[in-house]
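Data first, discussion second: the structure below is written as structure tokens.
All chains are identified by letter, namely A, B, C and D, in their written order; residue positions are counted from 1 within each chain.
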């Protein structure tokens, strides 16, 4: 760790903009939401050569800390205070009204206030791509079974599931989609069990939208791959290729991975853009939706496990969606623990 | 003359007390040496030192003439010293064999060789006619058998020097005779025995020599054959003992307590008191004699409401109190001086004044509408302390724990007598007290009787029963084997009844 | 039936840490020291295992996870020494000491995690315990797929530990002495047994097994360490100990049963009759069953009598 | 010459040692110890160095808000302990308390203050029921309460989660916001503390502290509870209904923890939350009770201390120090309190050499043995 305590005053002279970020209980390095958002802030800071004292984060230990942490950062004179996750909606609604001069950004939730920007992502669109990739890969492996493992049931993850269902059905009308929910975002053990159950039932590719619990899905795929089976996982939010690596590295130092591709959600873009807007005095309150069109969602450029055919199919799907030829829904049809 | 063991100038200090003060005891080989002393005289402590459980503050131990430094139980065992503790040290859920081999397990292939062990145990118990089942669980066998297991533990370790700490306290007279026979046999085989007991007649029966301790100090060693019981008793308490407590004749009045054919069962539905009947009149003391564990405790529990009687009735001044709560019975005039003042009589972490209202705290004037009345409680305490001469560091505000045992007992007696009970249940009132306190308390009990209170006294100490009672009920296995007038009975008689002989059956 | 065979290996993965941790509890409580710190010990063991596996993988390759669990066990053992010292030497209330250690475990593990890995969770394990299939045995009908096909070898370790514990407890001198200390330490002392030493051995063994259980759990159910990896399994192990009547074989069967209850919610959708039930129902099973077991056993004294009582030899 | 160390001194020493432990760890891991003090000052009164001399009462308000529930759980643990019971189940009692108060808030429409009162009472009742179970099992079957409480913590969590999720309008992670009539929020309290979440829960806590002191020390009921706690046998011999006392005391303890749940949900959050893992209100309560030496005022102070430690965590993290340092400090304090026998021993070794009749200590152990009896056994 570093030992500068950041107290030696951060005044306006040193900071053209001050950015504060509050994490949820997952912490700053959750390899997901918080981390992605923070990376956007860090990239912004790097691009604008901001001093280290100009951007800080506070980690929340319990839900009770959300309000306190947002207020603390506002008190500290941050120009923009960012929080990632719909869990922050209530806390931010409160705090934003108390600090009308501070700008706020909430990701994945909507807060209606004059000083809050709400960034939403068309997760259903990227999930559609996941569905297409999963169904096609399964077919290549001689199977019609794909799986979806979500964190907690609800609107947010529901959109993922809906997109995935539609994508998979579009790519292979005979596809059988298995749906399970972990019931939390951190019970990796249970996710492992669910993944084992789905793979045992013949599923070849699982799309997980389960935060940290999703690590359990990846884990199960890895153990199976090491034992010689061919099964895949579609990652979520970030490019999870490295997370899915397993086995010995080849001569080039590359490892195999169970990650077929990932449904990206570029939260870093959202934080970067918001910071930029505040600095340029162009901040706009209200809802900003990041879709395939804005490249706010998508799939990674590098996908060693994807065949060219599938890549082509994905690019076609993107085109169609942007063009409006395909409209992806947001309501899932398959219930937890069953198949279509 | 060879000494098996010499304990020379032993001093043992516990925080605040010298349990042994320059004590010297020599055990001759092949003899039985008794240790005599009142409660707390330091007998158990001395023996624990010999067995290596406590380290002496100063003094020397010699075994067979050899000076032993740093005694510990293992070394003691190696030196063939064995001890039967006053409170048995047996693991209840283990079998007899497991208990006996514990710490000295015979091994075969890295496993305990229970076969060999069992054989040795059976051989030993045959040799002494013990009839112990090596596979029985301790929790399933009688107290008498448990003691035999303790003895087997010693013999199994080839003990040559055997220590018995109050072995007879838990036995019936019959079992005591057996034990005496066993001890004599052991000595005949060349073993040496140290015996702790309070009972002079036992000393007379088996011991060759007797050492007497008083309040930790060594008094004398006498040749038992040449010394009378009275002489020994005098040395024990340090003054002429009047075996007869001074008390005038009783003037019994109305029947206060009338117990009719009650049964009392414990949690496991074992009948502990069987079809028991008893009457206590105003102005008399009825003593209940019996060996520990023969239902006396359960009888008292049933009388004061800690347990329910299954059949029969308990009448107090004509009213059946069987189904009343403890508190209700107190209110009806039952007083209770329980057997273990620390455990049952007092809340040691309370102040003295709080203990003095332990039963009446919720009654007027000490409580009004559920709120404690501090002034009344204080006044009450001051009065009792004055009347009963309860001494303590900070008067009514003393922490009870900090008071001496005798004064704690006085506090209980003050509390109970002050409530002017019609029936006073007194259990082991003088256990563990010094002579002064004993006299005071016995005097108070007799005073109560003379004031017209009905007193029911339960004691394991037969002398106390004989000294205080006007009538004596003997309990054996939950039954009343005899109900006698004090004047028409003596020690020997009662011993017979305690062993189960019913009155009218004796030959 | 088919579903059952599918569930079985998954249940065994969950059962393994439960059984091993319960054995840990058994050693401690049989010696007379209750150990509600198992949960914390498992967490610390899991962290140590994760850290060792990550830092040593370059050196030891595929063998690293085994070194990792050994490190976890040793660290668990060291951590439990605090409990031993506080409750045996300093005669503290064993429950409070356990509570303190549970509180401390998350603190220490995550604090160190932040220092070493700069975050609340470790990176992914570079190497993993591999699943195995036992030749020949795996082809036995029914039993083969239940126990020997594509399964973690750690379960066999758990079974071996159960047998070893059984042997130690009921066949050897050590076991007899240890159990006597948990039943009536005064008796042990009078037979020349060093009660404090036996209790130390009990608690330290408990720490070793707890750490091992934590290490195995993190490696077989996760790809990284985080504060939530143990999520109550230490307490389930405690329940397992009660339900298994403080007997090694009891712990094994109860452990497998609780392993099932941990995973059954995942399969409930496929089991007629269970599909409608909320997941909370399944999660509650081990805890509720433990309370019921306590009520059933209440009359018979099955646990070590002196467990939880402070032993004071009397001398100073 | 003092006979033994007073509990207050032991607490102070333990707190001191815990803080020193924290500082040592900070220094060893290369941080400035000032981080701790800065966070403490800021958490307490909002004082910061870069904005020198600026105070912010919002911090004070929030620090009190974080103390309120753990003062209540501290009282809960202490109340049970004074009657000889170890209530390690406050965690679960808090959760069912929160759940019940939210249920009444959302399902039962009532006017104004009455609604809030009904919600609070419901929380207390639910906690009491959760406390009744171990109390009943202990007094009826002599089942060790510690294991039962631990199991009930988990069951309470799953049970409340299930109920909360089933309420009308609930999402998977929370319920709807409760009507204003049920809320404990106070514009007045909030405004005097610069918009903190300080709420009428403070009144509940004040009342609870008073009730704790009053019941235990001033009423005959409290007298019998204390007697039962010190020596159950003697209490029973004296005619007190000790079994009933055990049940009552666990119910009251449960109710106090249930109140904490109500204060959290009606005051701090104004909604019900589905909880994935323990939030440690109950375990902090154990720490608070022991550090507060089971004394009403002591518990209040200890609760404030632990509340402060909790709000310091994110502030220290902001300065780069892993926020878990606060948990290490808290656990350290508990450990040191648990080691009081050792502390006494150590001090007496350094201190006076003279020995005085102190039968007290020996007997003290004996009594403790009886009281702390138990462990995991049927």
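We take it that a residue touches a chain if its C-beta (ideal position, glycine included) is under 8 Å from a C-beta of that chain, and two chains touch if they have at least 3 such contacts.
Here is each chain with its UniProt name: B = Simple sugar transport system ATP-binding protein; C, D = Simple sugar transport system permease protein.
These numbers come from a predicted model, not from an experiment.
The minimal number of chain-to-chain contact steps leading from subunit A to subunit B is 2.
Ranked by how far their CA centres sit from the centre of subunit B, the chains are topped by A.
Ranked by C-beta contact pairs, the top interface belongs to chains C-D. Centre-to-centre, using mean CA coordinates, subunit C is 29 Å away from subunit D.
A straight line joining the Cα centres of subunit B and subunit C is 46 Å long. Once the centre of each chain is set as its mean CA position, subunit A and subunit D turn out to be 37 Å apart. Shared interface positions of subunit C, defined as residues touching 2 or more other chains, are 114-115, 228, 231, 301, 305. The set of subunit A residues touching two or more other chains comprises 1, 59, 186. Each of residues 29, 276-277, 280, 322 in subunit D touches at least two other chains.
Contact between chains, per the stated criterion, is found for A-C, A-D, B-C, B-D, C-D. Those residues of subunit C that touch subunit A in the shared complex are 6, 9-10, 13-14, 114-115, 118-121, 124, 128, 130-131, 133, 150, 217, 221-224, 226, 228-229, 231, 262-263, 265-270, 275, 279. Interface residues of subunit C facing subunit B in the complex, by the touch rule stated above, are 171-173, 176-177, 179-180, 183-184, 186-193, 301, 305, 313-316.
Interface of subunit C with subunit D (complex): residues 25, 29, 33-34, 36, 82, 86, 89-97, 99-104, 106-108, 110-111, 114-115, 228, 231-232, 235, 238-239, 241-242, 278, 280-281, 283-284, 287-288, 290-291, 294-295, 297-305, 307-310, 312. By the touch criterion given at the top, residues 25, 29, 86, 88, 133, 137, 141-144, 146-148, 150-152, 154-155, 158-159, 161-162, 276-277, 280, 283, 286-287, 290, 322, 324-328, 330-332, 334-335, 337-342, 345, 365, 368-369, 372-378 of subunit D touch subunit C in their complex.
Residues 1, 26-31, 59, 180, 183, 186-190, 192-194, 196-197, 200, 212, 215-216, 218-219, 222-223, 226-227, 243, 245-246, 336-338 of subunit A are the ones touching subunit C in the complex.
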